[in-house]
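A, B, C and D are the chain letters, set down in written order, and residue numbers restart from 1 in every chain.
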Amino acid sequence: MKVSSFKHGSHPAEFKEYTEHKTLEPLPIPEEVFIPVIQHIGAPCKPVVKVGDEVKTGQLIAESTGFVSSNIHSSITGKVKKIGDFPHPNGTKSPMIQIVAEGDEEWVKVHDHTEPWGEMSVEQLKKIIADAGIVGMGGAAFPTNVKVSPPRDKKIETFIINGCECEPYLTADHRMMVEQAKEMIEGTQILMKILDVEKAFIGIESNKPDAIEIMQKSTEHLPGITIIPLKVKYPQGAEKMLIKAVNKREVPAGSLPMDVGCVVNNVGTAIAVYEAVVKKIPSINRIVTVTGDAVTEPKNVIARIGTPFSKLIEFCGGLKPDTKKILMGGPMMGVAQYSLDVPVVKATSGILCLTKKSVPYREEFTCIVCGRCVHACPMFLVPTRIARAVEAGKFEMADELGIMNCIECGSCAYECPSNIPLVQRIRIGKNKIREMKNKKS
Amino acid sequence: MSEQNNPTENSLGRLVLSSSPHQNSNDDVKKIMRGVVLALLPAVVFSVYYFGLRSMLVIMTAIAACLVTEFLLKKLRNKKINEGSAVVTGLLLAMTLPPSIHLGYVVLGSVFAIGIGKEIFGGLGNNIFNPALLGRAFLQASFPVKMTTWTPTKLMVLDAKTFATPLGGFKFGENIIHNFSDYWNGLIMGNIGGCIGETSAAAIALGGFYLIVKRWSDWRIPVSYLLSVFVLGGIFWLINPAQYPDPVFHLFSGGLMLGAFFMATDMVTSPETKLGSWIFGIGCGFFLVLIRLFGGLPEGVMYSILLMNAITPLINRFTQPTVFGEVVK
Amino acid sequence: MKKSTNLIIVLTTTAIISGLVLASLDNVTQPIIEAHASEVLKNAVTNVLPGIESYDREIKEGVEFFLGKNLNGTIQNVAFQAVGNGFQSKLKILVGMDLEMKTILAIKVLEQMETPGLGTKIETDPSDKKNPGWFYKQFFGLNLAKEKISYLKNETPNKEKGQIMAITGATISSQAVVDIINDAIIKNRKIFLKQG
Amino acid sequence: MAKTKTSLLAEFTKGLWQENPVLSMLLGLCPTLAVTSSAINGLSMGLAVIFTLVMSSALISLTRNLIPKEVRIPVFIIIIATFVTITDRSMAAYVPDLHKALGAFIPLIVVNCIILGRQEAFASKNNVGRSIIDALGMGIGFTMTLTVLGSIREILGSGMLFGAQVMPDAFAPWLVMILPPGAFITLGLLIGTANWINAKKG
């Protein structure tokens, strides 16, 4: 099997065995959900419901307000109880719509076309995706309708479905590929039609042989779709790395994939597109891997958007007593949570619960210039020097060293034997530089 | 949100909040230091076997002196010893000393290695030169006679009063390596005169491989170092086999094995990029052959590595990787 | 215009004054310096040619020989300079020999900048308090009728065989002294003995 | 400089410590490193510098109003070179052994930046008395440092001080100290110590 990859990167321990063979299980409909009006990159949505309104599953409750913004729908049938600030998984308190379940589930369809999607126009399909509020399910939550509408002068040549799931622990994409292969392929075909490309590539890390096999089987009769097994290496799933691995092109610094004629979508996004177009369901479901050594029974769960983390964990048998850290996402890029009340959002790929054993105290030493961070950085930066510059307050120097190219994958900090929080410092530096640049302009 | 239903506070105690990543490789500096000590054990065992407990005494003295110096100097700056690199420095320094050396010199060399070699730059990570080699260089420059007075191993049957290391023998025209069994017993197994840690090439290489397998040292440096010595030494040997020693002799004699596997690979003082490591190793090999064949000293491992240490910042600078996606101008 | 003339005048005056001062200084010091230098050489020659009253300088084929004479003015012995590279500096050694150039009478190191404490032992060895000049004194009376000078380590040298003991830790300096003297003797022997 | 007149004493003492040419201004490092292999070498080098410095400072201060700005550097250099040559020749004539030990570094006093520096920064702007005091202070500061440096190196490197045995017989001299690396190490430590003391004083 020919295996492609990018250069540098790291090999974190995978810990996928917790959930990689666990079938997707739907979570019972929760009694109440908290739906944030910000679940994507871009401007927040404007709620279109008032407290006391009755809403149905799939009903639009907050609408997109800008170009890079995405609609939000109710994920259950019930009554709006409150619109106010609640804890958000990004660590802030942010406006959410609280809905309490009432009565039997009733659905609102996202569109009422009756013809098969093959007969719809590209514009119609794009509108459906926009209406359904689909965002990138990989974690960045970039509105999909924007992503698939490149400016006219940028011809898209390569369409890639990202099935890498390089973050340790997470298996949501893996399970989707195994269990929802048909849906995913059809979603891919819809996206291919929208993008007007003949070929699509599905990149899958070779630690998911079952997914690769199923995908290959389901695309045998489709010459346009090629499965590309990829080396198990972090961060293989980062857009730029994936493009490099699939068609050897480097996305120039400061540019978007579309500048080199590429569009990358996540497995989950393809399925969401399928569901919106074929099943007429908006983006109200999310497949979440609930895992980690602090979870009694790790599972891959199909959850409604807005369900509090506590419900998912309860569904998985609850937490062990020595739980020390709860993350949204994987261990490399996930966000630590201070509360289990935060809701599942569109970008929640996993809930990772770690015990004390997995989060040991790590003493920081001085840098011994071992060069591991340099060997690990997929962006070919020199993290130790950048971090030093940031620590010394020399932000201009950090900028010269290419700090803004950092994709914050965390490989450097993972590898550092001196336990220096390299990526954390770089993040601080990036924010500082952004502030400085904003001030100037 | 229901205030009473807050599992975070009640059942879990405080959750740790930190910025990603939340997973680390299991290596840390302490572990690496322990690894280096472990990797040197075979060589230590061999040295005790050949030179007796005297070599153990030298090793213990060096380690103790390094620890005490580091402790005092850290105390002066209100810091504490944390990573244990002083043990490694002491052990490595001892490995480069003749087993018969007066213990006072060992202490002096240790103080210099830690004080001037490391702490004065701000401690581990900021030093320019390999501290152990610097300590050894200080002793070599201060007490050249004492540092090159070798004792024969316990297993040697001596027929003459004269005693020289294989390299010294070559340099001053008394070649003592003649045939394969000399190679095997002497150079590879270590039944020769020399420093505590540089007698048995096999024991050193064993430890070196362990470090490489554990990813605690960069394999590129020993490989390029040894390879360049072999090739360059070989070229001279082919030009004039009567005057220059053969490349295999180069590889196994003197402190090359120790230098290549333990000294040159010191992370702090070797380049951080892969290309840099190659350049570093080749440079070391070049200087080594130059010093051995044309210099005033029989052995050049120490100075070849120290020289390359000095230009490591330059190598780092010139081999800095091009940022991903950066258009080459 | 006026300014530049001014500049020229100032510079010229300074230079002239400085030149005058230095010229008169040279007049005073030059003889002293020369006298000193010849004194040093004379001492050296008398040192390496024992038992002479005076000496002549003679240049043959570009080589300077010092011919030692006794009270009667008879030539007794000969001295010459041997020059070459040491471990890290130029070595200049004055060698005194019999007229057949078969035995070294004495040598003296005139110039050397070897490693202090090591190579400098060719001139003085501070660690040997009783006999700091033990190294170069080994050359005194060395018989070179049949052999060249050679150095040994850890063995007792034989003067009749032209052997000396090398300095421990400074083998290269020792070797350099030996080589320089050997070369100079071989070269000068031919020149000196050609016409007697 | 003339606005706030510092006392003559302060003018003199500044060169000894806080503006010490070697320890705080890092001037004249070439002779500092090269000749200090023994205390006597350091001291004599210092004395030679004091002589040159004082004489040229005095002369330049005297003539400071006569020398046009445009040619001051060449004139300074001629004056300094003259005094250096006087020193060099006199030493060669009267103390030949010392002259031999200091070697090329006596003529090199010409380019010792302490001397030109003092002329440029001080003597060409101040009266004769002040200039001489300043030159003396600087020269003595330089001499002290060189002598200390030479003493340390001589004691450790050959067990002697001013040619007399000071260390016990059992002491093995650290050869490296009288070699060039010893000069760098000792000077580095001296400068470090000076900075440390200054930092402690605040």
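The rule is simple: contacts are C-beta pairs under 8 Å (C-beta built on N, C-alpha and C of every residue); 3 or more make two chains touch, one makes a residue touch a chain.
These numbers come from a predicted model, not from an experiment.
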Using the contact definition given at the top, which chains are in touch with both subunit C and subunit D?
B
Chain with Cα centroid nearest the overall Cα mean is chain B
Can you check which chain pair, B-C or A-B, has more C-beta pairs in contact?
A-B
Rounded Å distance, subunit B centre to subunit C centre (Cα mean):
45
Chain-centre distance (mean CA atoms) for subunit A and subunit C, in whole Å, is 86
Calculate how many whole Å lie between the centre of subunit A and the centre of subunit B, each centre taken as the average of the chain's C-alpha atoms.
46
Averaging over Cα atoms per chain, report the distance between subunit A and subunit D in Å.
70
For subunit C, residues that touch 2 or more chains besides their own
118
Which subunit D residues reach two or more other chains?
173, 175, 179
Work through the pairs of chains, note which ones touch, and then classify the graph as line, ring, star, complete or other.
other
Mind listing each pair of touching chains for me?
A-B, B-C, B-D, C-D
Under the stated contact criterion, what part of subunit B meets subunit C in this complex?
144-145, 148-149, 161-163, 172, 296
Give every residue of subunit A touching subunit B within the complex, in rising order.
10, 12-13, 34, 86-87, 91, 98, 168, 240, 244, 250-253, 255, 310, 319, 321, 323-327, 329, 331-341, 352, 354, 358-359, 362-363, 365-371, 374-375, 377-382, 384, 402, 405, 408, 410, 413-419, 421, 423-424, 427
Subunit C residues touching subunit B in their complex are 87-88, 118, 153-155, 168-172
Sites on subunit D touched by subunit B in the complex
172-177, 179, 181, 185, 188, 192
Using the touch definition up top, name the residues of subunit C that touch subunit D in the complex.
3, 6-7, 10-11, 14-15, 18, 21-22, 25-26, 28-29, 32-33, 36, 115-118, 126
